[in-house]
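Structures follow.
You will see chain A twice below: alongside chain B first, and alongside chain C after that.
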Partner chain A sequence: MSFTSYEFILAVAAVLVIYYSIPKRFQWMFLLGASYVLYFSAGPSYLIFISITTLVTYLCARKISSLSKEKTAYLKENKATLDREAKKTYKEGVKKKQRLFLWGALFVDLGLLIGIKYTNFIIENINGIITSVSNMEPISYLDIIMPLGISFYTFQTVGYLVDVYNEKYEAQNNYGKFALFVGFFPQLSQGPISRYNDLSQTLYAEHRFDAKVVSFGLQRILWGYFKKLVIADRVLIGLKTLLAAPEDYPGIYFFVAMMFYAIQLYADFTGGIDITIGIAETMGIKVTENFHRPYFSKNIKEYWNRWHMTMGSWFTDYIFYPISVSGFMLKLSKKARKVLGENIGKRVPVYLATILVWFTTGIWHGASWNFIVWGLANCVVILISQELSPLYTKFHNRFDVEGKLWYKTFCVIRTILLMSALRMFDCYRDVTVTVKMFFSMFTTWNISALWDGSMLALGLNGTDYLIILFGVVLIFVVSMLQRKKQVRERILELPYPVRAAIWLALFVVVLLAGAYGQGYDESSFIYNQF
Partner chain B sequence: MNELLEILTDLHPEVDFETEEHLIDSAILDSFDIITIISEIADTFDVVVPAKEIIPENFNSAEALWAMIERLEDGE
Partner chain C sequence: MKKVLQKIVPTIVVVVLVLAFLQELLIPKYMTDIIEGAMIEEYYDSEKNHDVLFLGDCEVYENISPCRLWEKYGISSYVRGSAQQLIWQSYYLLEDTLQYETPEVVVFNIMSLMHAGPENEAYNRMTIDGMRWSSAKWNSIQASMTEDENALDYVFPILRYHTRWSELTSEDFTYLFHKDPVTFEGYYLRVDVRPVTHIPEPKRLANYQFADYPMEYLDKMRELCDKKGIELVFVKAPSLFPHWYDEWEAQVDAYAEKYDITYYNFLELAEEIGIDYTTDTYDAGMHMNLSGAEKMSDYIGAKLLEEHGIKDHRNDEAYVSVWEPKVEAYKKAIEDAIAEEAAKKQ
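So, the complex of A and B:
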């Protein structure tokens, strides 16, 4: 189910035609069928896992919800006879039952994810210990294939369960509708991680064909393909060369790899999300935005509020807050204040929860130490910048630079460089190599490689660099224009021949300048692997 | 209410908490601030704020925060 395969594009076209041709009351049912057929075509065995997660979550959430309803009815009925203490005892009893179903479903959903994604990582680490301290035979690895999108749909179902448990909304009674929420095909391969109360607003509604809505969706899809095929996949050719033999490319090459990856990851991931949101939009379905011009962030905290936003808010709502305000943490905070003093003690719960969130973020991205180190490195930078914030405030008050364009630009570039450097853990997939290559920037002076022709020996020629430059400038201009009004709305205001020429030109560029050449792998969206 | 205003002002002296109504929507309070406020509320008012109460509507203004504290004090 690769977004860039011809089969997928044809399937989406067919889905769209049928979606608007059938009676509107059947639209969501058709989408469910189409989602399952497409998912089945990606890997027949995947269906088993998504079906277990869907069924268990559906049943447990319904039970939790019905217990909530029973509780409300009972309390209303016995309002006059129950005193405060009796109400409290009754509520606690219900909560206990609900917790049982919540934990049961979480055990199955997260158990499947952890079992499939992390078993071999755990075996690898156990083997590392076994072989270093004894002569025992290492444990054999399991032959496990990770179902497409398991991290995304598991997080969606966990969010749904917790929200139902917290009585944010009632559980969905219709199994088919719930199955569509979990398995809606455009967002199965790389998210975003939707919330039920957002997606359900438009997912099950009846949608009449609206030319503007459909054309806006198609335009967004085209923009996504431009980013992915013209920019990301082209930059990838050069990046692969640099990563294949790191020792041959130290010094300035590390910096070039940082920049290549910053461009490639952005174009790949945001391009994929554009395609996802665009497909949904053509059917009148609103999927949550996942990016808010992240490369315009002035610090790392802001960056993480604007990059992969649905993942960030998921971790904040379902891990950071529950852990930070748990009874254990509040007690720990009290103790820490007594022992370490008011100032340090009050930071303990926030810092512990932050470390845990970033450890989880790291390991969510991949079952290997480089991702864990990447996550924790982000955490260290965030905590340091948190500690330094009073200093920054003093500096800003003293020198009055905060509103100045040059200072904002400096902060933006600093954040891009910092994030790009941290991301190299993800790129080289080896902590030692990444650290070694990073420091090579300060020990190997080969800056002349930028202009002596060496850059043309990375698999990219002059035309490729020009296309990449054109693409980056275009993305930058679109991002700047977007700040005040959607670019698609702006284009719509132009005379018909001009706007038709713009979209046709973009289509031709995608067709002619897409990197379909040698080494092209149609399945290689970076976030498919998560 | 005065004790709550004191807690908030200690955290962000530059903000007028008596009038500001978009503490979350305008990103004046971040997640670190929210946890600090919840911890202070537990100490000062002996009220535990559960994670499900951490929603913008409860944290957008000092008044909304105070309403939440009173509601939780009543055991609702």
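So, the complex of A and C:
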């Protein structure tokens, strides 16, 4: 189910035509069928896992919801007869039952995710310990297939379960509708991690054909393909060369790899999300935005509020807050304040929750230490900048630089460089190599490689670099324009021949300059693997 | 609705025209460099009155000259040959040809039986891209695609050649809307000489049995010829390499005998027809030059008249008016090529 395969593009076109051709009341059912067919085509066995997650979550959420309803009805009915204590006891009893279903479903959903994604990682680490301290035979690795998008749909279902448990909304009674929420095909492969109360607003609604909505969706899809095929997959050619033999490319090459990966990851991931949102939009379905011009962030915290936003908010809502306010943390906080003093003690639970969030963020991205180190490195930078914030405030007040364009630009570039450097853990997939290569920037002086023709030996020719430059400039311009108004809206205001020419030109650019077909390795979207 | 249509229809027309133009521009023209890619398409411009159809790879289009066959025997023939033409491609080219005419004899060069399955995208494209759209073309695509290929790339060649925009040459613009003929009724004229000095040692093969896939298509070709009342004739060109193994020869012999198919092995007939490997090949024994091709044409032409019932049309004005200009052009091209070759040597 690669977004860039001809088969997928044709399938989407067929889905769109049928979606608007059938009676509107059948639209969501058709989408469910189409999603399952497409998911089946990606890997027949994947259906087993998503079906288990869907069924278990559906049943448990319904039970939790019905217990809530029973509770409300019971309390209403017996309002006059129950005293405060009796009400509290009753509520606790219900909560206990609900918790049982919540944990039961979480055990299955997260158990599947952990079992599939992390078993071999756990075995690898156990083997590391075993072989270093004894002569025991290492444990054999398991041959496990990772279903496409399991991290995304598991997180969606977990969010849904917790929200139903917290009585944010009622559980969905219709199994088909719930299955569509979990398996809606555009967002299955790389998110975003939608919330039920957001997606369900438009997912099950009846949509009549609206030329503007459909064309906006198609434009968004086209923009996504531009990012993915013209920029990301082209940069990837050079990046692969640099990563294939790190020892051959130290010093300035590490910096080039940093920049390549920054461009590639952004174009790949945001391009994929554009395609996802665009496909949904053509059918009148609103999928949550996942990026808000992240490379314009002035610090790392802001960056994480603007990059992969649905993941960030998921971790905040379902890990950070629950842990921060958990009984254990409250006790710990109390104790820490006593022992370490008010100032340091109050930070302990926040720090612990933050560390846990970033550890989870890291390991969610991949079952290997490089991702864990990457996550924790982000955490360290965030905590340090948090601690240094009074110092920054003093500096800003003293020198009055905060509103200045040059200072904002400096902050933006600093954040990009910092994030790009941290990301190299993900890029080399080896902590030692990444650290070694990072320091080679300061020990190997080979800056002349930038202009002595060495850059043309990375698999990219002059035309490729020009296309990449054009693509990056175009994305930058679009991002700048978007600050005030959507570019699509702006284009819509132009005379018809002009706007038609703009979209045709973009289509031709994707068609001709896209890195696809024979001669190019079909590269899956980076976030497919998560 | 009317307003919407007024916008959408012209938009679609413009988009289609732009894409069609780009596709024509980007498709390789095969006019000056690798002309083998332009051979298949040329057939559609010829008069469809051929008594004999030659099918196969370079062992056909460089070894048989239809103009010579006409000039000497009055035989109307065409060579539907292309580089590394695989047997399933030959079969679908036969199906394609039968949509336009029904020859009396189909001469098929059996060298392609050595290929067990799809091999090379570049050669696939040189045979298939030039075919007009029909079920034969679609089936040829399906039969020929390597694992990395996608049928949609054949349906919309722009998807395959989209990257050529950065390497366009003047040839792409010159031949944007028209193409010049590169062959003489499918024959690729070469007058240069490179004598045989060394014959590469044949490699030992793990298995000498022809694979099922090509044999399946040989059966289909035979059955189609039977159905249409066409006589099928097998030939093996006198190419000294790639090596033609005795085990292969035995299988072709057995098949030809079983189905009563005439088989001419020119490797064995080379001496009889006077092939001189010091003067009749332009690449040291792999392909014939003009001299070798005319000797082969002389031999097979006589056989076609004497043993396969093909008529001499030299007294039929309808044929003469078609063939005379072709032969004239052929002769002129030979003179030019010889002069050019002589100039090169000086």
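Going forward, the second predicted complex is superposed on the first by the 525 of 530 C-alpha atoms of A that agree within 3 Å, B and C clash if a C-alpha of one lies under 4 Å from a C-alpha of the other, contacts with A are read in each partner's own complex, and residues count from 1 in each chain.
The definition used in the following text is that contacts are C-beta pairs under 8 Å (C-beta built on N, C-alpha and C of every residue); 3 or more make two chains touch, one makes a residue touch a chain.
Only a predicted model underlies this, so the values are computations on that prediction, with no experimental measurement involved.
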Touching partner for A:N127 - first (chain B), second (chain C), both, neither: neither
Which superposed partner A:G327 touches (first chain B, second chain C, both, neither): first
First, second, both or neither for A:A500, with chain B first and chain C second: second
Partner chain(s) touched by A:P349 [first = chain B, second = chain C, both, neither]: first
Touching partner for A:A211 - first (chain B), second (chain C), both, neither: second
Which of chain B and chain C A:T316 touches, first, second, both or neither: first
Which partner reaches more residues of chain A (counting touched residues only), chain B or chain C: B
First, second, both or neither for A:N446, with chain B first and chain C second: neither
Chain B versus chain C as contact partner of A:L512, first or second or both or neither: second
Contact residues of chain A, present in both the chain B and the chain C interface: none
Parts of chain A lying in touch with chain C, wherever the complex brings them together: 6, 211, 463, 496, 500, 504, 507-508, 511-514, 516-519
Chain A residues within the chain B interface of the complex: 84, 87-88, 166-168, 301, 305, 316-317, 320-322, 324-327, 330, 333-334, 346, 349-350, 353, 386
Sites on chain B touched by chain A in the complex: 27, 30-32, 34-36, 38-39, 42-43, 48-52, 54, 75
Of all residues in chain C, those that touch chain A in their complex: 4, 7, 11, 14-15, 18-19, 22, 26, 121, 148-150, 152-153, 158-160, 162-163, 165-166
